[in-house]
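The two complexes that follow have chain A in common; it is paired with chain B in the first and with chain C in the second.
The block that comes next holds the complex of A and B.
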C-alpha cells in the first residue's frame, strides 16, 4: 500500500515538486526570519556574554538594559567587595565616547574600561597584540570590525575601501591620545558601534568630567555560593540592583522586546510565511488528493479500509513535509553561512529547528486533514460514475 | 526516476547542514581569563577598602619659611637625612648685604658710646673741678649747677648710645635669623622621597600645588585604608586585616592597627588625576605592616580586607562603640 501511495505522490513530477517547493519556502521563511530575529536579539546582550567571567552584575537600580548607563560612586565597588560570598568585584566602565580619527571625522564608540590590575572583562579573542598590552601608556584595543570599517582611515577615492587601523595607530578620545595596542574579535552588539577597550582609570580620563563614572561592578561569587541568594544579599546591603549574568541578559532582552518594534516586525513576517506556506502547500496537496480521488475510490472499492487510506495520505504528507522541511532549513542555514562575514545578524539555536519543524508539521496536518476528510466521505461508487 | 532520490537526498543534506549550523552557532564565545588573578578576602565577612602606603611619619612635604630662589639643594632622592641637616639653601645675598649694613651700624653705635663716654669723663672732670673750689665766691652758683647738669646729660647720652648698640646688635640677630631661615633643614630623621626643587628655581612659601621636597621615615610603613562611611559602623579595629599588593596577589601582608583617625574625611578618588573628585566620606584607619619585601613603595595602592561581622547579624549598637579613635 505504501508503495502505491508513493507512486501516487511522485507520479506527477510537477505537482510533487509544487508541494515540496511550497513547503520548502514556508520552512525557509519560518527558519530564516526567526534566525535573523534571534540573532538581532542575541546582539542586545552579546556584551554580557562576551565579558563572561563574572557571575553577577551590580548596577544602579534604575538601569533598564546593558546600554542604559546610570553611573555610581566609586566607593560602591568597595561596598560590594565587602559582602560575604564575593570572591572578587571589579569596576567596569561602559560608555559612548566620540573618537576623532586622523582624517578629522568623528565616530561614536563604545568605550569599555577594565580594572587596571586584572583587566577582567577583556576580549577573549585577540587577533593582534595581547590583552596585557593595555598596561602600556595610552593603550587601547579596538575590535576588528570597527578597525576595518568605521574607525579605518578614509580611502582616497569615495568608493575605495577604508584602510584598516593597525597597531601603533592613534586616535583621539575626548582630546586625549589613544594608541592602538591590539585588535580583538568581539561579538557584534546591537548598535554595532566600534568597541574600544582600555583600563578603568584611563576610561575615566577619556570620559567627560562627571562626579560618578562607575558603570558596573562585576562580581565573581565564591565557589559554592547560591547566586540568587548572593544577588539578594548585594541588593539588601548596598541598595544597588544585582543580576546574575543570565538575569541581566534577560533584563536586556526583555527591554528590547518591549520597547522596540523588532518582535512585531519579525512576528508579522513569520506569520505571513506560515500563512503563505499553508496556503500553497495545503491547496496543492488538496488538489493532488482531489485528482487522485478516483484511485482512492478504486482502493476503497477493492476493500481498503479508511484506516489504510488514512495511513497512505499521512505517509504522503509526512514525506513531502520532511523533504520540504529539510530543504528549507538547509537553505536557511546556507543563507546564514554565506552571510557569515557580513553585518547581518543570524543565529540558529536548536529551538528554532523545532519551531520551524512544528510549523511545517502543522501545515502538513492541516493539508492532510482536509484531504483525509474528503477521502473518508468518499463513496467507492464514484469510480463507476461518468 | 531521479527526482525520487534527489529530493530526499537534498532534504537530508539540508537538515544535516542546518544541524551543523545549530551546533557550531551555539558554541559560546570564549571568555578572556583575568590577566592577573584578583585578590580575594580570606575572611568570611569583611570590609574591603583601598589603601595607600605612606611613611610612618606620614609624608612630610617640606616647605620654606621664606620665598626665594634656591641657590643649592644639598640632598638627592633616597638620601637618609638626620634631623637638622640642611636640605636646601635659598639665595641669601640680600640678607648678607643687609648684615654688612647692620654690622657697620653696630660699629658706628659702638664709636658713639666711646664719644659719649669721653663726654661723660670730660663733664665729670669739669664738675669735680668746680666742686673742689672751696670758696663759693670764686664760682657762681649758676656755673656749678650747669656743670652738675652737664654730667647728668652726658650720662644719659651714654645710656642712649649703649641702647643704640643693643639695637644694632638686635638688628644683626634679626638678619642672622633671616639667614638661618634661608637654610631649610630636615625636621625629623628620614629619607628624601621626592625633590621637586632644583638650584635656580623659585621656592614659594605657603601652600603649593607641587611639593618642594617630600620627606618620610621609611623604617616602618603605614597603610592608610579608606573605609566607606556606610561600612564604618561595622569596622572594628581589633579584628584581623590583610593587604594585597596590586598586580600580584602572592604579596600578602598581615596588618596591625596603628591608629584610626576619628575624623571622617571626604574621599579622594585615588585616580592620580590632577583634580581629585570627592565621592563620599570615608573613615581612615592606619595599619602597620612588616616590610619584609622591598617591592613596596610609598604611595602605592593596595587592596585591603578587614574582618568584620556579617552585615545582617552585626549588632549596630555593639559595633558603634568600637569605631572611636
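The block that comes next holds the complex of A and C.
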C-alpha cells in the first residue's frame, strides 16, 4: 500500500509541490532565523571564546557582561596571584577608544591590552605579522574586518572602496600614535567594532587617564584544580567576582537574553514561520486528504483497514515533512554559507537542526492527525454516492 | 422457484437513517434471495433504497434490523477486522463514477484489491495485466484514468472488481455514465467475464437498455421490493 500512498501523493504534482513548498518555507524560517539569533548571541561572548587560554575571569562584582567594564585597581592582580590554586594571573585591559584615521575621521574601537611579558589573551590567528611584534614601539594589531572596512583608508570617490590598513600604516588613539604591526583574524563582536590589540601598559597610555584601568584578571588554574572551588576561593579572598570561562559566557548570554529585545523579536519571527508553515502545509495536506476522501472510501470498501489507511497518511506526511525539512535546512545552510564573509551573524549548531526538525514534525503530525480523523470516521458507503 | 441455494439471503431488512434529528426509513422489511451464478438487477426510482440494499449486502453499511447473510455468513455479527477481511476476499465493486485512483495507471488500479489482500506488487500487476487483456485493454495497461474513455475506465473498474476472484460483484449504475454502445459492451464483458456458477452479480441500475442482461430483476419503491421478475418485459 506504500506504493499507492506515494502515487496518490505525488501524482498531482501541483498539490504535492504546494505541500512541500509550505513545509520548506516553515523549515527555512525555523532554521534560518534561529541560526541568525544563535550567531548573534554567540557574538555577545565571542571575545571570551577568542581569549581561550585562561580558565577563570576575575572582575568587579558589578560587571554584568563582557562589555560592561568596571575597572579595578592594578593591585587586585597581585591579590589574585597570591591565592592558592592559581598557576598564573595576568592583567587584561578592554575598553572602547576612539581612533583617529588618516582622513581625520574618528572610529570607536575595541582596544585590548595584553600582559606586556606574556601577551596572554592575544588573537589566535595572525594573518600578517606576529603577536610578538606588539613589543615594537607603538605597535598594535588590528582585526582583518576592521582593517578592511571601518579602519580602512577612505576611497577617493564616494562610490569607491576603502583601502585596507596594512602593516606599517598608522592611526591615532587618544592623540598617541599607533603603528600597525600585524593583522589578525578574530570573531566578530556583537557591536562589530574594529578590535585593536596592544600591550597592557600601552593600552593604559592610550586610555583616558583614570585611577583604575584594570578590566579583568585572567587566571590559569593549577593542574587538577577544581575550577568552581577556585572561583569561590578567589571571590571569598578578594571580594571580586570570578567566573569560569563558560560561566562568564553564560553571564553575558543571559544579560543579552534578558535585557535586549533580540530574543522576543526572533521569537516572533520563528513563531510566525511556524504558524504560516502550519497553515500552508497543514491546510494543503488536509485539503489533499479531503480531495482523496472518496479514494480512501474506495480502499475502505475494498477491505483496507483504518490501520492501513493511517499508515498511508503517515507515510505521506513523513515523506513531505522530510523533503520539506531537508530543503528548508539546505537552503538555510546555503544562505549561511553564502553570507559567511559578510557582517551577518549565522550559526547552525546541531541542536538547532533538532529544533526545526521537531517543529516540522509537529506541523506534519498535526496535519496528518486531522486528516486521519477524517478518514477513520469515513463511512465506506460514501463510494456509492455519485 | 430457483433451485440453487441462496448465496445472499435478506430477511425483513430494515434500515433507518438518522438525519438532522429526523428518522428516514430507507429499507422497510426487504426480503430477497439471490442464488449463486445469478445476475440480479435492482431497479426503481431514486431514493427507493437500491443503493442502501447493496451497501448492506456488500457489508459496507449495517442494517438497523433484520438479517442479511452472504454465503452463509452474517456480516453484522462479524468483528470489524473479520468483516474487512471477508470484504477484501469475497466482494468486488463497480461504481457509476468508476472511482479509479486518478494517479495510478490502469494496471496499478486493477492490482489494488490484490495488494489489499497481501499479494506482492509485482505479482499483482502481472495478474492485473492478464485480466486487463481479458476486458480488451491489454494495450492500455500504462494509461492513467484521465487518458481513457468512460467505457474504457469502466472496463478497468470491472477488471479491478474481478482480479481477486470474488464471489460477489456489486455494481452501482455501471452503464449510466456511458453511451448506448459502450454500455452494451460493458454489460457484455461483465456477463462474459464476471458471471459464472461460482459468482453472484448484483447490479443497481436505472438503465432500461441493459435490463435484458439480468437473470432476475427486483423492482423497488419506497424501501420495499415490489416484485421480482425474470424478464424485463414483465416490468410495467
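Operating definition for what follows: the second predicted complex is superposed on the first by the 386 of 386 C-alpha atoms of A that agree within 3 Å, B and C clash if a C-alpha of one lies under 4 Å from a C-alpha of the other, contacts with A are read in each partner's own complex, and residues count from 1 in each chain.
We take it that a contact is a pair of C-beta atoms (placed from the backbone, for glycine too) under 8 Å apart; a residue touches a chain by one contact, two chains touch by 3 or more.
Since the structure is predicted, the reported quantities are computational estimates derived from the model, not experimental observations.
Asks: Check chain A with both chain B and chain C modelled on it and let me know: fit or clash.
Replies: fit
Asks: Of the partners chain B and chain C, which touch A:187 in the superposed model: first, second, both, neither?
Replies: First partner only.
Asks: Which partner does A:90 reach: the first (chain B), the second (chain C), both, or neither?
Replies: First partner only.
Asks: One more residue to check, A:366. First (chain B), second (chain C), both or neither?
Replies: neither
Asks: Look at A:302 in the shared chain and tell me whether it touches chain B only, chain C only, both, or neither; answer first, second, both or neither.
Replies: In the superposition, A:302 touches chain C alone.
Asks: Looking at the overlay, does A:315 come into contact with chain B only (first), chain C only (second), both, or neither?
Replies: Neither partner.
Asks: Which of the two partners, first being chain B and second being chain C, lies in contact with A:344: first, second, both, or neither?
Replies: Touch status of A:344: no partner.
Asks: Once the two complexes are aligned on chain A, which partner has more residues of chain A within touching range, chain B or chain C?
Replies: B
Asks: Touching A:53 in the superposition: chain B (first), chain C (second), both, neither?
Replies: Touch status of A:53: first partner only.
Asks: So, A:21: does it touch chain B (first), chain C (second), both, or neither?
Replies: In the superposition, A:21 touches no partner, neither chain B nor chain C.
Asks: Taking the superposition as given, does A:69 touch the first partner, chain B, the second, chain C, both, or neither?
Replies: neither
Asks: Which angle, to the nearest 10 degrees, do you get at the Cα centre of chain A between the Cα centres of chain B and chain C?
Replies: 170
Asks: After the two structures are laid over each other on chain A, how near do the C-alpha atoms of chain B and chain C get, in Å?
Replies: Minimum over all C-alpha pairs of chain B and chain C: 12 Å.
Asks: Can you list the residues of chain A that touch chain B in one structure and chain C in the other?
Replies: Common to the two interfaces on chain A: residues 10.
Asks: Tell me, which parts of chain C touch chain A in their complex?
Replies: Chain C reaches chain A through residues 51, 54-55, 58, 60-61, 81, 84-89, 91, 93, 95-97, 99, 101-104, 108, 112-113, 115-117, 121, 172-173.
Asks: Please output the residues of chain A touching chain C within their complex, sorted ascending.
Replies: Chain A residues touching chain C: 1, 3-4, 7-8, 10-12, 294-295, 298-305, 308, 379-381, 383-386.
Asks: Report the residues of chain B in contact with chain A in the complex, numbered from low to high.
Replies: 1, 3-4, 7-8, 10-22, 25-26, 28-41, 44-50, 226, 228, 230-231, 246-247, 267, 269, 271-273, 277-280, 282, 305, 308, 310-312
Asks: For chain A, which residues are in contact with chain B within the complex?
Replies: These residues of chain A touch chain B: 10, 13, 16-17, 20, 31, 46, 49-53, 73-75, 78-79, 81-84, 86-90, 115-125, 131-132, 187, 201, 204-205, 211-212, 220, 222, 233, 236-237, 322-334, 336-337, 347-350, 352-353.
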